[in-house]
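In this document, chain identifiers A, B, C and D correspond to the written order of the chains, with residue numbering beginning at 1 in each.
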Amino acid sequence: MDFDFTEEQTMLRDMVASYLSDNYSFDARQGVIKSGSGFRPAVWTAFAEELGILGASFSEDQGGLGGGAIENLVVMEQFGKALVLEDYLGAVVVAGGFIRHSGWSGGPALAEQIIAGSAIPAFAYAEPQGRYNWADLKTTAKKDGGAYVLNGHKAVVVGGPNATHFIVTARTSGGQRDAAGVSVFLVDKSTKGVVTRDYPNIDGPTASEVYFENVSVPTANLIGQEGKALPLVERVIDEATVASMAEACGVMEKLHTLTMEYTQTRKQFGQPIAQFQVLQHRMVDMFIQLQQSISMTYMATMKIDSEDAVERAKAVASAKVQVAKACKFVGENAIQLHGGMGMTEEMAVSHYFKRASLLRYLFGGEDHHMVRYETLSFGKAK
Amino acid sequence: MNLEFTAEDNAFRAEIRAFLEENYPKDITERLGAGEEATKEDYVRWHKILAAKGWSVISWPVQYGGTGWTPTQKYIWNQENARIDALPLISFGVAMVGPVIYTFGTPEQKAKFLPGIVSGDVWWCQGYSEPGSGSDLASLRTRAVREGDHYIINGQKTWTTMAQHADWGFFLCRTDPDAKKQEGISFILVDMKTPGVTVRPIILLDGAHEVNDVFLEDVKVPVENRVFEENKGWTAAKFLLAHERSGIAGVARSKRGIDKIRQIAGTEFADDGGKLIDDANFRRKVAELEIDLTALEYTELRSLAGENAGKGPGPETSILKIKGTEIQQRVTELALEAVGHYGAPYFRGFPNDGDNAHPIGPEYAHHAAPRYFNVRKTSIYGGSNEIQRNIIAKMVLGL
Amino acid sequence: MDFDFTEEQTMLRDMVASYLSDNYSFDARQGVIKSGSGFRPAVWTAFAEELGILGASFSEDQGGLGGGAIENLVVMEQFGKALVLEDYLGAVVVAGGFIRHSGWSGGPALAEQIIAGSAIPAFAYAEPQGRYNWADLKTTAKKDGGAYVLNGHKAVVVGGPNATHFIVTARTSGGQRDAAGVSVFLVDKSTKGVVTRDYPNIDGPTASEVYFENVSVPTANLIGQEGKALPLVERVIDEATVASMAEACGVMEKLHTLTMEYTQTRKQFGQPIAQFQVLQHRMVDMFIQLQQSISMTYMATMKIDSEDAVERAKAVASAKVQVAKACKFVGENAIQLHGGMGMTEEMAVSHYFKRASLLRYLFGGEDHHMVRYETLSFGKAK
Amino acid sequence: MNLEFTAEDNAFRAEIRAFLEENYPKDITERLGAGEEATKEDYVRWHKILAAKGWSVISWPVQYGGTGWTPTQKYIWNQENARIDALPLISFGVAMVGPVIYTFGTPEQKAKFLPGIVSGDVWWCQGYSEPGSGSDLASLRTRAVREGDHYIINGQKTWTTMAQHADWGFFLCRTDPDAKKQEGISFILVDMKTPGVTVRPIILLDGAHEVNDVFLEDVKVPVENRVFEENKGWTAAKFLLAHERSGIAGVARSKRGIDKIRQIAGTEFADDGGKLIDDANFRRKVAELEIDLTALEYTELRSLAGENAGKGPGPETSILKIKGTEIQQRVTELALEAVGHYGAPYFRGFPNDGDNAHPIGPEYAHHAAPRYFNVRKTSIYGGSNEIQRNIIAKMVLGL
């Protein structure tokens, strides 16, 4: 039992941190957002070529570095600290997860492109009505000869504007919320009938509404088994949830640090406000929330490869409950302790707060995961 | 002890309700209901309708244009306004500088400034906070130096709400730099068109332009624009701060907020495919909010009963500020939760390209996140909730 | 709309406060408990004769003073401040409620005895299995000629050891948790087959397990309609709940006052601990909880006579949620701020804490009343 | 990073489990399970069993009787003890004065005092707190005046746990009244049978007699009973305070507490006639507790991993104290909630008249309320949770 990173993982972290420190200042990030984009091609190229991190979590026979969840944790935590806009989560964690767990024949080729930075898949899973029930799908895929024909509407597809592909969950059979009948497809964005409407999200990254209007997808693009992909989807989303918690830990660490720095500088009534005991204890409670979140994120990361689906799911659910609550507590108090300055767009803290607030709800907030935990721990509510 | 309103109160309520029904602009209701922000024109238009009726400065003494209503009547007025989500009047003239002028001003100042506030023709802003002085207001550094029958003002104010629209501003300036903190401050009215006054927007985290920096560079102001004695401005400032807190609980508006959440949650689906409002977690949160709001409402009513009995609003109104702002924040948080994935898209300044075939979520979701972010300010401004707790500890509990 | 007490109510309050100040010191109370009792006959006689408070809430034609819920609030708040052990709640509030709302022919006679202090009914409503569901009754009453025969076991009947009568809920028909079939009886404690096992409660008052072993009760002792008494029981328990909240407000006011006094006296690190900002804010939050509890108790008291059962129940449920949460917060923090001293039996604060902790759960804690509120406000959970 | 125990660790666990299974007295399990309190005899008996095995002072250096176990092994030991709810050893000898003596004592002191601690023959108590000095320990006033080769001690100690059983006590006494607070204090061992030592019970709010006042009146103690240098006792005291916090999270015991709540709630009925464990509110609270406990567990494991890597327990262990005690308190609160009406009856000293036909609630309910009341102490003693937050602010965050 140990909680240490390997030498390679430590090097990976330092390399990412150093790159971001040189190339991803807060001002540069804000410039990208103001330009109407959430993506710098040069940065993605650097991820692929200079840093090689796009392959860090892929297996070696796929051309990756043979890492996994821990490598994703290392990268995402640094991305959280720098508020990286580019969608590593969809393009690497999610796409990589589907390739790893599906045995899909197209996987190796896609992995190669992802690692090289030439394919950037985004994950189109949410639907307007479905909330956090991944089986609640109105998007349909009907088999028609050597192809599937997709119709439907995917909501808030993060990374959509700069994606080359979508990984799409769709219903090939069954009723709107049935567990059976869920399938997963890789859809080239340039396919006829793929309509996107792009916009920025309030925390910086861009997203799209994605409409499939009689989109024809080759059967070779079916990832996993037709109609039996729900466990696969759940597993990959659990992996993505864990990675997003690592990002949240990075975000919260910055929120805490920025708050400690600000309160030691800001003077009121003749002394730095960090001298007020009430604010000190608040910062202690923020620190405790951060530490507990890190502990739970490590725990979930180490259990995410468990073949026991219940253990894995309980680990992720319980960790997300902690992290979601912490995102609220640390985020809201960081703003409160910054006073009026925390309310302004020009201060970095407000952007970390916005990111923390949205990460709280990504793949379901504390309520969703609490119910999930309860069901796993006690059985279905009566 | 009883909760009944008198027959007179009920008749009054009917009158108010009928007036609002008839006179409140329907188009403002529609635009704001769709998530648009109120414009200066909206505020002024509604103010002038109220002024025509004689109801623009309800709390003022009758001689200056007030209504003479009882605290209960004012409470009913607030309830009925909140019921239809009416625009509140901008407080800087009506609730702030107006009362200071009619309390501390000269007859000439009253004659010059009060009519424009009553009529809504003059838009005021408040120059209190400075970059270095937030909760510690008295540490302000803007200087006003007497030169003959003028002051020359130099300094910087910040968090100046809606200064971009303002015709006049009231500013706290240090006139005696050698005096102790609260002393040596004067309360000065400044025409915002005076040379040397520069207003620079501060953009908030939700993208809103509500507040501004105001730079004052060799701004020349006649001495007759000073209200009350030189170096005694803190008296007026304190009076205003106490005044500012009444109504801060925002009970009626939070009730409307909860109503809207119930509507949204009656439309949105939960994980199990039922309506969100039937989801056990979600309705628990709504119920907790309703109960906490009821507790706040009755605490405010007890305070109001004290006012009816002739006691002014005391430092215990800090309780209303603390709980009121906490509840407002939870209301917006719950609205954000209710809209699910569609809390993320950012609409401010985003071109509505009219692609109605491919909408970006329901209209009610468009402002959920910005509001959640924006109302963080309520526990910060007007004396942070930490400062309010200090006030209760000292003034109410005597610690 | 006003929140003022009438002159008579103010006099009542001052009279009770003055009596308790003279006759109900903390030491005297502890002496009663140590003697193994929770009742001083002389005190009850004074309540009846010297103060006349046993009749304060009875109507004038029953020999009372014509008051009601507000008079009970006034008395109970003072009782809370002095931690009065004697069971005014059962003997006056509950018994008075049953007499007032049932139209029972035996009511006037019982009222007369209660007001005189010669009858002291205790309320036997709880059962070991029933938690806070007042219809969940295993106690049965079977009609047999001119009498009912009662069998069953009532749990934790407060005031039982010194009661002259029990007011008993029992099932005359229906299944264990049916709404229909609930009846109420007055049972003389000396009746054959009434077995009591007495004990002290941890917060001071005494209580009994009450067993009915083929107890024969005259049909004249049926209070309300046979089998249709559940709404009556619920109404009376709502009244009792409101009165117990008034007591809780008195208890919490003392907890807050004692804490403010102690922290201003106790010195650590060279200053009174009341000077530490964290403790000041804690005491502010205790004060806010107290004020909100008073507001809600007033609200519920004023709505308790509403004929609209839903409005009444929502008022009581929402108030109890607030008061129960406050009992926990104020009580636990009073002990915390007293430090080790608060843990000792010799300090009054520990006894107020124990009382607050049990009042929190009396007639159901915050969870019970939250569910009740939700059901009334949203309909039954799906 | 991985959560697997090594094969050696697993073998070690099997050994521990087998030992406990075979050697832990079944009658103690039964009596304590039925709610009885452990007696001095119970503690001593179990201590002697462990001493016979060489496991009574597992954390000590091997030369003094310790085991040489790794932090992970100690963690396993604690887990397995908690699993069967084994009595903890009384900490005053094993975890407190023992380490002080082997760290700061003379060879003679080691020879004289350590064996009795290892064997369990000598019961120790701790004389730190005084009526005027709680969290502010260094303000203590008990005086030890040197007279030849003795100290004459006068003063009062309080909150002295289990002093009623103690053979020896270790006391902080002021030997230089003119020195600044932390200086001028000495660490002195006192035979509790010395004339002038009086132990007076303090009864806690749940009726328990755990702690005492200890009065010291002209108590004559040989100078050789002073550990470490005169006036340098604060060094030993600080060492001990840091030592005291390890294991304070109480994760394993809280887990057992939750297990018991699940059992109780599987027996008790909810309002709807179902089992309490199926009640949505109740299981939400249990689930929240489980999750918070998991977060604490992994925070402790990270800290343990640091120790394995050779770092001592640092001030961040204050987190474990804060969260650990909060969770313990919530566990007892939930147990009290679970038992419903039967939380009220008070059993301590109440004569069990053996009327089994008319029981007073289920056995598991008898101690629910006393425990809820009693564990309030955990956030107070050993440095209140407010003090712990001060420590984190200063020592960890550098504020």
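Note that in this section a residue touches a chain if its C-beta (ideal position, glycine included) is under 8 Å from a C-beta of that chain, and two chains touch if they have at least 3 such contacts.
Just so it is clear, the structure is predicted and the values come from calculations on it, not from any experiment.
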Task: Labels of chains that are neighbours to chain A and to chain B - done: C
- [ ] Using the touch rule from the top, work out which pair, C-D or A-D, shares more C-beta pairs.
- [x] C-D
Task: Separation of chain C from chain D, taking each centre as the mean of its C-alpha atoms, in whole Å - done: 38
- [ ] Express in whole angstrom the distance between the two chain centres, defined as the mean CA positions of chain B and chain C.
- [x] 43
Open item on the list: Distance between chain B and chain D based on Cα centroids, please, to the nearest Å.
Closed with: 54
Task: Multi-partner residues of chain A (at least 2 other chains) - done: 276-278, 281, 370, 381
Open item on the list: Residues touching two or more other chains, restricted to chain D: which are they?
Closed with: 280, 386, 389
- [ ] For this assembly, give the contact graph shape among line, ring, star, complete and other.
- [x] other
Task: Contact set on chain D toward chain C in their complex - done: 129, 132-136, 139, 158-159, 202-207, 268-273, 276, 280-282, 329, 333, 336-337, 340-347, 350, 355, 358-361, 369-370, 372-373, 376-377, 379-381, 384-386, 389
Task: chain C residues touching chain D - in the complex, by the definition given at the top - done: 126, 128-133, 136, 153, 155-156, 158, 176-177, 195, 197, 199-203, 207, 209, 211, 267-269, 276, 278-279, 328, 332, 335-336, 339-340, 342-346, 350-351, 353-354, 357-358, 361, 365, 367-368, 370-371, 381
TODO: Flag every residue of chain C that touches chain A in the complex, lowest number first.
DONE: 276-278, 281
Task: In the complex, chain C residues that touch chain B - done: 1-6, 9, 70, 260, 263-264, 274-275, 277, 280-281, 283-285, 287-288, 291-296, 298-299, 301-303, 318, 321-322, 370, 373-374, 377-378, 381-382
Task: Residues of chain D defined as touching chain A within the complex - done: 1-6, 9, 72, 274, 277-278, 280, 283-284, 286-288, 290-292, 294-296, 298-299, 301-302, 305, 308-309, 316, 319, 322-323, 386, 389-390, 392-393, 396-397, 399
